[in-house]
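Each of the next two complexes has subunit A plus one more chain, namely subunit B in the first and subunit C in the second.
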Partner chain A sequence: MIQIKDLDFAYKKGKPIFDKLNLSLNPGHIYGLLGKNGSGKSTLLKSIAGLVFPLSGKCLINGIDVAKRTVATLEDLFFIAEDIYVPTLTSGQFLKSTAGFYPKFSITDFYAYLKTLDVDPEQQMSSMSYGQQKKAMIAFGLATNASVLIMDEPTNGLDIPSKVQFRKLIASVLNEERYIIISTHQVRDLESLIDTILILDDHKIAVENTVDELMEKLLFGLFEDTRGMKVLYEEETMRGKHAILQNTTGKYSKMDLELLFNAVTTGSNLLTEMLEKGGNRE
Partner chain B sequence: MNNFFSLKRFLHLFVKQTTEHYRTYLMSIGVLAGVMLLGGSFLFFIIPEPPDTGLQTAMFVILMLTSGTIFTSTVFNDFGDRGKAIASITLPATAFEKFMVGWLYSYPIFMLVYTSVFYLVLIGLGSTKHWPADQHFAMLSLRQDGAIILLVIYSVLHSISIFGAIFFKKLQFIKTGFAFFVGYGLLTLLNTLFLKGITGLNVTKLAMPYGYLNFYVENKFYSIAAKGPASLSQIIILILVAILIWIAAYYRLKEKQV
Partner chain C sequence: MEFKDNEAIYLQIAAFVCDNILTGKWTAGQKILSVRDLAVELEVNPNTVMRSYEFLQAQEIVYNKRGLGLFVADDGFEKVKAYRKQSFVEQNLPDFFKNIYLLDISIDDIRRQYEDFQAKQAAKLNNEEHEDKH
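Here is the complex of A and B:
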């Protein structure tokens, strides 16, 4: 289990990024981390990977403090950064120089993922386009078979077919031991992939719910008139009102992640209070 | 699992570093050889007599300290760039192993390569020019008393450079050099005030650490310098300083954040 306990973090004194942030992540899930620019999405991912140290509080992976950067923790963790770095090597050469550090690395999987993502293993990585470089590193990260896979804006730079392949790949590599944590601001890219939604707002985790939980409690839809309905949040459009209602009928609607994100970040108290009641926060 | 040092992991890391950076290292050797050839050619072909060992030693020392500190400032470049730093920090190896790879490349390997290139250039240039019969070209020998002092000075400068390479994110050499000169200036000032305080003398010039103490007493000028056994203590203190800064650099790397 990944546990973040009372995490306080700030880059500058007096400007906290996190204020007593608590979060528990379980294996076997694909977590989608959403938040406004500057809300601390990347910082939270870096805290989970032990790349930054909290002012107070702890981040533990299976009970081990990640700030210690033990080899055992690092062997079972792979971080795909937004600004990726690739050396002047081909994917095959990179495999030879780096795969040995990861005990669960699968060479067969690596070449299979490269093929799926349409990356030439013989091409020098530094001469690839940004999207190709990213795909090569995603293939490598998945092939490490690390339990904790962290991706910061992984779909940035990917073309439409690659995004489709990416979603398929991620869904296929999930198993009961794996944590996949993806931060994104392109919610549409990953809407169908993530099973648990984390929304960072106001220095804390404002939403921490599975998609199923959200769908049980909320009803998303486009309505001409919402008078008399239990509206939690709505946005006026030319076609009518996009609204989130309290789900009292048990009906299942298609989740509009963008609308939910807007509702949370613009301060829909009704919605956040409702989600807090049944959320899995400590 | 050893969370401090594993030889197998270290060798693996060393091979990875070499594989990913050998082009840069080879180019650096090329530049170093080019500078030596250019400067050496000037000395060999412009000056009528063969360069004596004193001049060769001076060139050897100046170039070694300059190129060594420049190279050392680059060995932890991967920790200065955000994307590279994430890859480097999350790579499953200990901070000590990562530090030792950089240390090994910038200290013993650099010394070995530098000395080899210097002698190769020296032999090459020496064999291309024919001197008159009464003039003899002699090569410098590293088996001299000054070699230990040079090693100690290089150790101190290396430790400062490696610390700066980890501490600063960009322009490591310039920033480290600037910090070094500012620090040295402040140290000299404090040393002068300290000497004034303990001796009660009118110290006339800035007294550099381990330098001369110049003062007047009843219009008589005195200049005092440490000699004999004091030199050994100076060497020991400098070695200790270098070790302390290396340790500080290691901890800085261990606690590096992105």
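Here is the complex of A and C:
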């Protein structure tokens, strides 16, 4: 289990990024972390990866404080940053120099993933395009077979076929022991993969719900008129009102992540209160 | 696979499996795709496919052989057919009736067209069997 307890963080005094942030993650899930620019998504991911240290509070992976950067934690965790750094090596050379830090690394998987993502293992990584570099690091990260896989905007820079292959790879590597945590603005790229939505807003986790829970509680739709309905949030458009309603009938609607995101980040109290009710999980 | 907006994805995946049973792609006693393989194929979360498979198991359309995977039940085809028939009668038929009523289409006319359709289907099937023998 990953537990974040009362995390306080700031890069500058008086400008807090997190204020007593709490979050717990369970293995076997794909978490989608959403948040506005500058809300601290990357900082939260780095906190989980032990790359930045909190002012107070803790982030624990299986009970061990990540900030201690123990070998046991780091060898079972891989972080793919949004702006990746690649050395002047080919993917094959990078494998030789770096794979040794990850006891569960699979060389066979690595070459298979590179092939799937259409990356040449003989090419110097530093001479690759941004998208190719990113794919090389994704292949490496997945091949570590680390239990904790953290990816910051992984689909940025990926072309259309690579996005398809990326989704297939993520679907294939999830297992009961693995945590996959992905931050993204491109919600449509990953909609069918994410099973738990995390929305970071106002220095805290504002939404921490499985997609199933959200669908049970909420109803999304386009309505001509919403008078008399249990509206939690609505947006006026030319075609009518895009609304989130309280789901009282158990009917299924397709989740509109963008609308949900707007509702949460514009401070729809009705909505967040509703999600908190009975929102305690496992 | 394109998912529709008005039905839970796990049910749509279950329906996809049922389609494969109904068209004879997966026959009684045959092993169906593993959770992982179907999740990769459809680019969805394996937990979603797991839920679809649990649903199909509860309907006794597929069954679990411990350690071997999921298999189509001996009467899987009949179960799917009965299930589909019921949902057609309950959901599609009322719409169909409403339309032929509104558009004033006679049942005799529908019958003629349906007999035509039946004949074409039978001819198609015959042709395919013929090709299989060659």
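As a convention for this text, the second predicted complex is superposed on the first by the 280 of 282 C-alpha atoms of A that agree within 3 Å, B and C clash if a C-alpha of one lies under 4 Å from a C-alpha of the other, contacts with A are read in each partner's own complex, and residues count from 1 in each chain.
As a working rule, a contact is a pair of C-beta atoms (placed from the backbone, for glycine too) under 8 Å apart; a residue touches a chain by one contact, two chains touch by 3 or more.
Since the structure is predicted, the reported quantities are computational estimates derived from the model, not experimental observations.
Aligning the two structures on subunit A places subunit B and subunit C next to each other without any clash.
Once the two complexes are laid over each other on the shared chain, residue contacts for A:Ala81 go to subunit B alone; subunit C is not touched.
Judged by the touch definition given at the top, the superposed model places A:Leu89 against subunit B, while subunit C stays out of reach.
Of the two partner chains placed by superposition, A:Leu222 touches none, neither subunit B nor subunit C.
Within the superposed three-chain model, A:Lys46 lies in touch with subunit B and out of touch with subunit C [touch as defined at top]. Greater residue coverage of subunit A by touch, when subunit B is weighed against subunit C, goes to B. Contacts of A:Thr70 after superposition: subunit B is touched, whereas subunit C is not reached.
Shared-chain residue A:Tyr102: touches subunit B; no touch with subunit C.
Think of it this way: put the two complexes on top of each other by chain A, and the tightest Cα contact between subunit B and subunit C is 27 Å.
Partner subunit C is touched in their complex by these residues of subunit A: 28-30, 164, 167-168, 171-172, 174, 192-195, 215, 252-254.
Those residues of subunit A that touch subunit B in the complex are listed here as 46, 49-53, 69-72, 74-75, 77-79, 81, 83-85, 87-89, 93, 96-98, 100-102.
Across the complex, subunit A is touched by residues 1-3, 6, 9, 12, 15-16, 19-20, 23, 78, 81-87, 89-95, 254-255, 257-258 of subunit B. Residues 3, 5-9, 36, 39-48 of subunit C touch subunit A in their complex.
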